[in-house]
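Got some structures for you, see below.
What follows is a pair of complexes built around subunit A, which joins subunit B in one and subunit C in the other.
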Partner chain A sequence: MQRASASDVVEGVVREALPGGRGGVVGRPHEGAVLVRVSRRFLKEFVKRLIKGFGRRGATVRYSTGVATDYRPVDGSFRMAHVLAVDKLKTYLIVEADAPPPHPRIPSITPELPAAGWAEREAADMVGVEFPGHPSPGRLVLPEGWPEGVHPLRKDFPYDRKLGVAEALEGGTYVRGFSSPSPHSPGVEGRPTALIPLGPYHPALHEPEYFEIFVDGERIVGARYRGFFVHRGMEKLAESRMTIDQVPFLAERICGICGYTHACAYCQAVEAAARIEVPERALYIRSILLEIERLHSHLLWFGVAFHLLGFETGFMAMWRVREAVMRVAEALTGNRKTYGMNLVGGVRRDIDVRRAAAVVRMLDEVERGFKEFCGHALKLGEVVERVRGVGVLSREDAVKLGAVGPHARASGLAIDVRVDHPYAAYGFVDVEVPVRDEGDVLARILVRYEEVLESVRLVREFLRGMPAGGLRAEVRDLPPLRVGVGATEAPRGEDVHYVVTGRGNTLYRWRPRAPSYMNIPTVPVMLEGERLANAPIIIASIDPCFSCTDHAVVIDVRFGVRRPLKALVGGGGPLG
Partner chain B sequence: MGRLSILAEGLASHVVTEAYPKAPAEVPEGFRGRPRIDGGRCVGCGACANACPPNAISVRDEGGFRVVKLFLGRCIFCGRCADVCPKEAVVITREFELASLSREDLSQEVRLALARCAVCGRPYATLREVRDVASKLPEGLRPLAYLCPDCREALAGKYVVIGRGL
Partner chain C sequence: MSGSAALAVAGAAAANAAFALTLAPLLDGVERKVRARVQRRVGPPVLQTWYDLIKLYRRGFFGLRGCGPFHRAAPALAMGAAVTASAILPTVTGFGAGFAGDLIVLIYLMASVSTITALGAASSGSPYGVVGGWREASLSMASELALAAALAAIACGRGSLLLSSLFPAVRLGAGFRPSSVVAVAAVALVAYADGLRLPFEIPEAEEELAEGVAVEYGGAALALLKHATLVRRLLLTSLLLNLAFPWGWASPVVRAAAFTASLTLESVLCSLTESVCGRGRPAYVMRLLKRVTLASGVALIAACFGF
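This part shows the complex of A and B:
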């Protein structure tokens, strides 16, 4: 009931911000969400008033995700939905604005909420909505060689369409992110700076991303990020040829590390949209698996971080401890990763007494091994002094750029979806959220250290509290064109899935937004002023997941020459 | 002190790495490995193909047969085919060593004879499925199972009247 009243407050602020006749509160698509549609001409002003209105009540508006949808087959227009998280009031506020074809234009809200920058550019690329007033427009996810005016997520673009020969850019020599001189290259006292490329494969994470680092001697004076090399066309695939019960398996493959959290966020979004009551036992099973996934993910990260610090013993030890988690996951779900446990409405397998006992044994082993090792390792000078004061992200920057997860919590932001927007079985327990104010790499390590121990405690509590009951609600034909937002606290932060249901148990629109999408833009800020040698650990300290971030992207072009564009086929990066 | 403790802990810890492939790797009960279709049970209804997320299972009719084909090259080992099979004809095995130099090794085909409509002669479902359905109908309605959907619709009224004995 507390939640309902919080959403009432949100609705009140929304009404205050709306002048008469300019749209209105459309309603509550589901629990924990408020939806409002406003005229695009008034959108900017409305967002400004929202920020002020919530500010007066001590609540922050955090930009969560933005979704452009081609509604031409339904009502003839394009629609942009900005999903704003009002964490203090436990509500996702969906702000929609329409724009008519053929040239849909919706004023940018990035000047008001800088974290909207990427979402608007992605919407411009994929759906072809323009955002006048965007401070740094330009392609984000589509490559330069992609033809103008072709937008893959429009409904008239068939999912299996192959483009012919792509036209190279006029002149074709400058390729964004891959050559000097960069328009952003900052000079120092009149001297040009040197450019150090980091990527396109991260030395530790084996994922494609590319940082352009400008240095003056050892000192980093500027950095730029170029990502989105991994195209998988997942949204299009799901919207074109899959049913709601097939998509959980696709969603789980967004990430090879924290895939289950995506499957949960997706299912929650559909369940919310269609108001499906998931049995409590299934909610507990989801929570147990989500925490098991966090354990494996954090332990993996500890290993990678130690490896990057040259502390190989730590890498081996953390992965040894992690192995117990992987084996339990395999026993519970039938696989070490890609658990495949979720369907809309519940889960596919039970956790019986024997399996629960195996989990308890694992928890004891992990807790002991992790505490013992980290207890020593986090006292070593070569670990602690190497990361203290390094890669600082201020609280202000974390808020401005919309940082999420342990990364935000290490910069003093007390946000955690498990507490702010309770899902699965998290509403039945108290989750301890560690927060630190230093904002450096050490703080991120220490926050994750606490989180590992909290996950162990939570799994024990869930196992004790798990009620008897069914595993899956009966799912009949879903009502079409219902909107749902599902969010989970992934190991890396808030993971948001937005869905619009389609006819015949399909999806009209699906947009997953991985946490790294919000955290990567903080990296250039953290790199500035640092020594070059600290760059790898600073980048890794956000626990980035590049493939998650890139899931919806198209790239396989070598620029400057004409060559067939293998559109919509997974593929290698441009430097490969 | 920390360093010595780490050393001591390292020496005391067990080896996690397995000898695989020199020694066989154990996978637990319930492991989701290679799906196999039992050609003796399959009725060719296509439920598995409808549920399969990556379209690894296809169903096509050719030359009087229905061919159900499972292609492991696309399979994601989710086990949905086994969930939805009404005849328990799909079994999720614990096999996981599927690497092969031959593409054929990655496919399994089940061929089932098609039944022809007793009126128009059109093939419309597998013989096995038709018999299975017929066995579940009350005796008077059984001939309906041997008709294609179009002919059945045309004759249904008559059969229902006869079948119910009204």
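This part shows the complex of A and C:
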């Protein structure tokens, strides 16, 4: 098998990179994944050698996700797992390093792989592992008023613990590390610039986010992002009081648009960890639903993009086409959104012949409506000129910052989980992956345009090729403390779920990483030097999902940037 | 001027102003309906804009503490300028206030509405307001210049600064001047652009600036601002209709009906155009307006040489 040999190559490179053969254990947790545990002292050097080693074989190491876990109840240490994607060799490489309590410290690998920056900061917030050498340390996920030394994802932190009311911060109004309340800050190159706050509630995407945009007239000279305002505590909840079969329903609620892809990635991670063979028919059904979700998401995005360009007719037309997709979803799942279909080991509902025929008919309608309208809209000189050459992300920056999905593909990176790490039924078909080199907003629009048509084609092909068979493998007691990585190509890019199984069919650790987590850090880079008028469409061009990105924290804390910070509501306050 | 004549002029001016104030929100309602039909929606009732304004007017003035006095006064000043302008320009009655130099006063008042709006927004201190005000100011500077040049070209041919002597701008036969055709075309474009229609609707730009110039206003102040903007849009169209078509033939009643119908038709045409447009980049919009200004400048020079 080609896939096995690719993982062999990865293992070879890993062994070469291990410093003098010391401090490293190599294993294969499941198909398509290689795990290596190195001593934290060698970690940085090891990663450096890995990048070089894969570089010699023409493969790029892309930072996928980073997960810190409190293993104290198991073996007395903390562990950081960096998940690196070697897309060309179809393998996820999990690099683990341990650190002993009480002050776990693991050298930062962000200087080698800048895309690790957020994952390490989040690990520092949530599990309390320190990363010496991180170029920009500081709180990422936890609010500024959160007490020092309290880390919610540690195992000795009860999920229902309530903290007292936190002190309002000095000055009380601005997020730490961000500007003074004065709208006129010294700015760049000594020239005074005005500060335009975009958020804490996005005027058009209707989600909480906060971009600080520094402008000189209408020209943007700098931008900063602060997110993680909506804290839902999903990881803690899943790890504390849910069983593996309940979590799919929690996972799909990470996002209101691409929920199914989260449920899928989660199930794949558990199935991989426990080596569960999912019936082929179930894999086809998952693929069909994933593509329908992509159609829904992309059409929604086209509508929002036109809305942001002031082109309301386009907005309405796209959402009318999307309506047909929602009817398809309803026919297949009973919900207008593709919810409630996944369980570990398979799916809950079948697609019968009659429904399949109805879906094909509705898809024709979708394809016709989309081609007719969007094809025309993309010929309107006005709309095209508005986005051509705007918000360029160079290939180098896309690689450096770890961009994923259509966003990366519009900057010339041919990465797509469906092809690079085949899952569900994507191994049985050929997926066309559109790639463009321009890296501007127009390229992102055109990539998504092609992807919509490809999704329609894929659903038809899956419906034709769907084999008969069972819907779900039998799932007995899972072996504990097994690691699994599940990845899907969500509409917005690679969605990775990392799980460690627990005793009694529970989860010891679960960390979902949504695609926007990787794409949002590219936005400030794209904004620089642009006109303010282009900022909304540039931000929207990555199809950001702030709620996906913000799923991760324990206590529901609401604070605006202009109000005094009342971080933690004690007593009977709202708990996420 | 005798007493009764003065009274008639005052009556006509008052009728014009009342007409503009009443019809402008109605036309906006018609446009919303047209756009909705293009988008295959039912759309709000034609009276919706009026309902919105009434709701806002009822809320009174509030919440403007901490802003400069000019910010607070701007909506009322803008409305004052718009109403005065509507008294000067013949619309429903065919007579304006009519005095020597009323042409200059009209241009001045029309420009004032947007200048006051821009300054009011800029003095709010809100970053969105400041950017919106900046856009409003640049847009109005570009379009008012084109408008002034176009009107000057026509006035040059007539040798008079009396507004009524300009109507209609194009006369066939001995009085025909090619420059006035260009000038009327320029006025048509300015009426569209300065009426803040897509792609020129950049000062408010809900999705970019969260209402821009209007962001810090609420209640009656917001209603005044919106109402004044709508009245100004109607006046721009009325000016175009006066220049483009002869109205002298009609009896007062026929004129009133025909004029209203023409305004409505123009609104429908404009909103159909808007339906296929997105919002332009400010730089792109300015580039378009510069071309219009250039054309009216050429028309003015040609008119000076008797063409």
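Convention: the second predicted complex is superposed on the first by the 529 of 576 C-alpha atoms of A that agree within 3 Å, B and C clash if a C-alpha of one lies under 4 Å from a C-alpha of the other, contacts with A are read in each partner's own complex, and residues count from 1 in each chain.
By definition in this document, a residue touches a chain if its C-beta (ideal position, glycine included) is under 8 Å from a C-beta of that chain, and two chains touch if they have at least 3 such contacts.
All values derive from a computational prediction rather than experimental measurement.
K.L.:
Report clash or fit for the pair subunit B and subunit C bound to subunit A in the combined superposed model.
P.N.:
fit
K.L.:
Looking at A:Ala317, would you say it contacts subunit B, subunit C, both, or neither? Reply first, second, both or neither.
P.N.:
both
K.L.:
Look at A:Arg531 in the shared chain and tell me whether it touches subunit B only, subunit C only, both, or neither; answer first, second, both or neither.
P.N.:
Touch status of A:Arg531: second partner only.
K.L.:
Measure off the angle at the C-alpha centre of subunit A toward the C-alpha centres of subunit B and subunit C in the combined model, and quote it in steps of 10°.
P.N.:
100
K.L.:
Applying the document's definition of touch, where does A:Leu380 land relative to subunit B and subunit C: first, second, both, or neither?
P.N.:
Touch status of A:Leu380: both partners.
K.L.:
Which holds for A:Leu308: it touches subunit B only (first), subunit C only (second), both, or neither?
P.N.:
second
K.L.:
Is A:Glu31 touching the first partner subunit B, the second partner subunit C, both, or neither of them?
P.N.:
After superposing on A, A:Glu31 lies clear of both subunit B and subunit C.
K.L.:
Is A:Arg348 contacted by the first partner subunit B, the second partner subunit C, both or neither?
P.N.:
First partner only, subunit B.
K.L.:
Report the closest approach of subunit B and subunit C over their C-alpha atoms in the superposed model, as a whole number of Å.
P.N.:
6
K.L.:
Does any part of subunit A touch subunit B in one structure and subunit C in the other, and if so which residues?
P.N.:
313, 316-317, 320, 380
K.L.:
Would you tell me which residues of subunit A are touching subunit B in their complex?
P.N.:
242, 245-247, 249-250, 253, 313, 316-317, 319-320, 323, 327, 330-331, 333-335, 338, 340, 348-349, 369, 372-373, 376-377, 379-380
K.L.:
Please give the residue numbers of subunit A that touch subunit C in the complex, ascending.
P.N.:
Those in contact with subunit C are residues 183, 194-197, 203-204, 215, 217-218, 306-314, 316-317, 320, 380, 382-383, 385-386, 531-536.
K.L.:
Can you check the complex and tell me which residues of subunit B touch subunit A?
P.N.:
1-3, 5-6, 9-10, 13, 16, 27-32, 51-54, 76-80, 83, 92
K.L.:
Please name which positions on subunit C make contact with subunit A in the complex.
P.N.:
So the residues of subunit C in touch with subunit A come to 35, 38-41, 125, 127-128, 130-131, 134, 198-199, 201-202, 205-208, 210, 275-284.
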